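Chain IDs A, B and C follow the sequence of writing; residue 1 opens each chain.
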């Protein structure tokens, strides 16, 4: 099977060149071990700019781990041993003297469930801005309004900006978390199954947001829902047991799968 | 089913209910018993006079508890001022910064601190803390002190309440969702900023309750404080003065209880006072914890 | 970019929090070191094998066997008594009351509050009860007072262990035709036994080290008690009383007694932790 993967990887690299996409994220030979388990096996790939790249695969295949590698949240888990290199705009993020907080601000993160910070709606968005050193109240207010409008939440919350974010509905909370991520002006949005805890309407709103946002941002979306991947993906990376099996433009991957695993996965639908 | 099995089941469940009832009635019995014993005193004196008067002359039949209450509150508040930053920051260190093995190493350390008997803390207080306060700390502030002082009591008490408060705080930080930390870090916050803005707020009810319960624990501590606080009936003017705490009063005068009429009743009133205050504090903070867990 | 201030704030608090943790470890080591250093020289075989003899309190011969034995009698008996009450209550809560969550929460709340009541209040209450019933200070009275004090601790510690047993085990036991009692004592009890051992050691440690509750109730004597109605000495009280003596010899013996008590408690803490880790 390894030879199969190698050929696939090569073909994938050529397709990237053919499509002439500018890479933002270059992942090179990333390995992750946890207590002796090999969670990510020699993962190398390129993520193109201003596209929605979907990390697809059954649960437990290492998608979320790969996503957390990208902004080094893996630092939080002492059991994880990470090696290899990930370059964002050419900078290797595993470089020891890189300012990790600045790297993280290049990426907005959206988790499976919304985790609003324990403060008001307004402060949730102002938080990241203040960390960036913005102190001017007018600028902060303007940005809060701008980003809440960007996620279509402004009309629902404009009269209660000072109330606790935890009182919002779960769908509203998730959109707030998206706005909070956008406020620090990231280049990349990392989303880990962002609609899995949401009702169908809220999850459609999030999907619509993603399509609107991709002109300005590079979006990396983890999902195990095939239909969602088909609706959103420009670019697909299919993972299975810690390895990248296939990757490339969505149309090519979905309509002309090369490997048996992916063919089976597409047929069964999950 | 065999008759004997059924009978066993029957008897056993009755015994269980009996034991439970007994446990639930115990505090009621304590309360009633203490009220009963303090009635003679309460019928002779007004409650406000007992609590707010500072005249303590048992042989004249005058019982003012104010100086004991003031001493107790002084010692307890001072001890919290020392133990709060210690416990809060080390809980943060152990759960957020330290490697896992260090937390594992600290657990038995906390256990042992919690297990050391009060009287041993008292011995340590006599040997180390009293001279430290008398010879080093008081002169440093330009004061004179024998060392047997509110501050000495507070230091001993602070150390004693560390394991109690620290355990509760560790639990508060352990229950913090990892994702909340991830969300804050992903916005570019440093670890400390994440702790300061997110964790401390999210855990605020738990943290406040831990301190509240620590307060009530310290307020009731007897022997160790008794050994280092000096036991002089007076309204202390500074933390280098001697004091006399309420539990200390009860413990110290046990032998003389009989000789003066109403003295015995007065000491039981002191115990009642302590019981009521501590139960109220416990109910309030346990309720806050219970509410925050139910959410 | 991260500003200078933010970077150093992070480093400062990281260092400070480490420092405070280190202080706690240091204080523990310092306490044990102080007590051992002061008491060890006065520790002798005679100390732990003899009762006080004539003139003991003026620095003459004798030991504190009366207090050691008294403490063990008191702690062992009150732990057993507390266990006999706690076990049924903890099992009852987790088997019979499992369906009544609100009631269960109420009982736990109540026991937690009871845990907060200081030992001096138990002591005062025990003394009151003693006077009312017309009994004298005695080993028996001390046992009952200490048992009342450690029962809520023991119940809650056992309850925490039983809470973790999955409901499936209960269902499986009923499915085999067991009664609730059989489920309680044959299934739950065995499953939770290592956890119970920790709870018992914890309560025992509390019982052997507490002074304020026995101050009024157990009395004090130079002899090993031969029955529940006789007064008894305990280690904490022996330390407390001997320290107030002006004679240095006697004071030194108090320090030696403190070493003995500390060692007993250390052994208890460490074995409780070992049992917990094994599980």
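The criterion applied here is as follows: a residue touches a chain if its C-beta (ideal position, glycine included) is under 8 Å from a C-beta of that chain, and two chains touch if they have at least 3 such contacts.
Quick caveat, the model's predicted, so the values are computed rather than measured.
Summarising the inter-chain contacts, the pair of chains with the most C-beta pairs in contact is B-C.
Using the average of C-alpha coordinates as each chain's centre, C ends up farthest from chain A. Closest to the protein's overall CA centre, chain by chain, comes B. Distance between chain centres (mean CA atoms), chain B to chain C: 16 Å.
Computed centre separation for the pair chain A/chain B is 49 angstrom, with centres defined by C-alpha atoms. For the pair chain A and chain C, the distance between mean C-alpha positions equals 53 Å.
The residues of chain B that reach two or more other chains are 190, 193, listed in rising order. Residue positions 101-102, 131 of chain A are each in touch with at least two other chains. In chain C, the residues touching two or more other chains are 2, 6. Looking at the complex, you find that chain A touches chain B at residues 68, 71, 73, 76, 78, 101-102, 104-105, 107-109, 111, 113, 115, 117-119, 127-128, 131-132, 177, 180-181, 184, 190. Interface residues of chain B, counted against chain A in their complex, comprise 99-100, 177-190, 193, 197-198, 201-202. Taken together, the chain B residues at the contact with chain C in this complex read 1, 5-6, 8-9, 12-13, 15-17, 19-20, 22-24, 26-27, 29-30, 33-34, 36-37, 85-86, 89-90, 92-94, 97-98, 106-109, 111-124, 126-128, 159, 162, 166, 190-193, 195, 213, 216-217, 219-223, 227, 247, 250-251, 254, 267-268, 271, 274-275, 278-279, 281-283, 286-287, 290. Those residues of chain C that touch chain B in the complex are listed here as 2, 6-7, 9-10, 13-14, 16-18, 20-21, 23-25, 27-28, 30-31, 34-35, 38, 85-86, 88-89, 91-93, 96, 105, 107, 109-114, 116-125, 127-129, 132, 148, 151-152, 155, 177, 179-182, 184-185, 205, 208-212, 215-216, 236, 239-240, 243, 254-255, 258, 261-262, 265-266, 268-270, 272-273.
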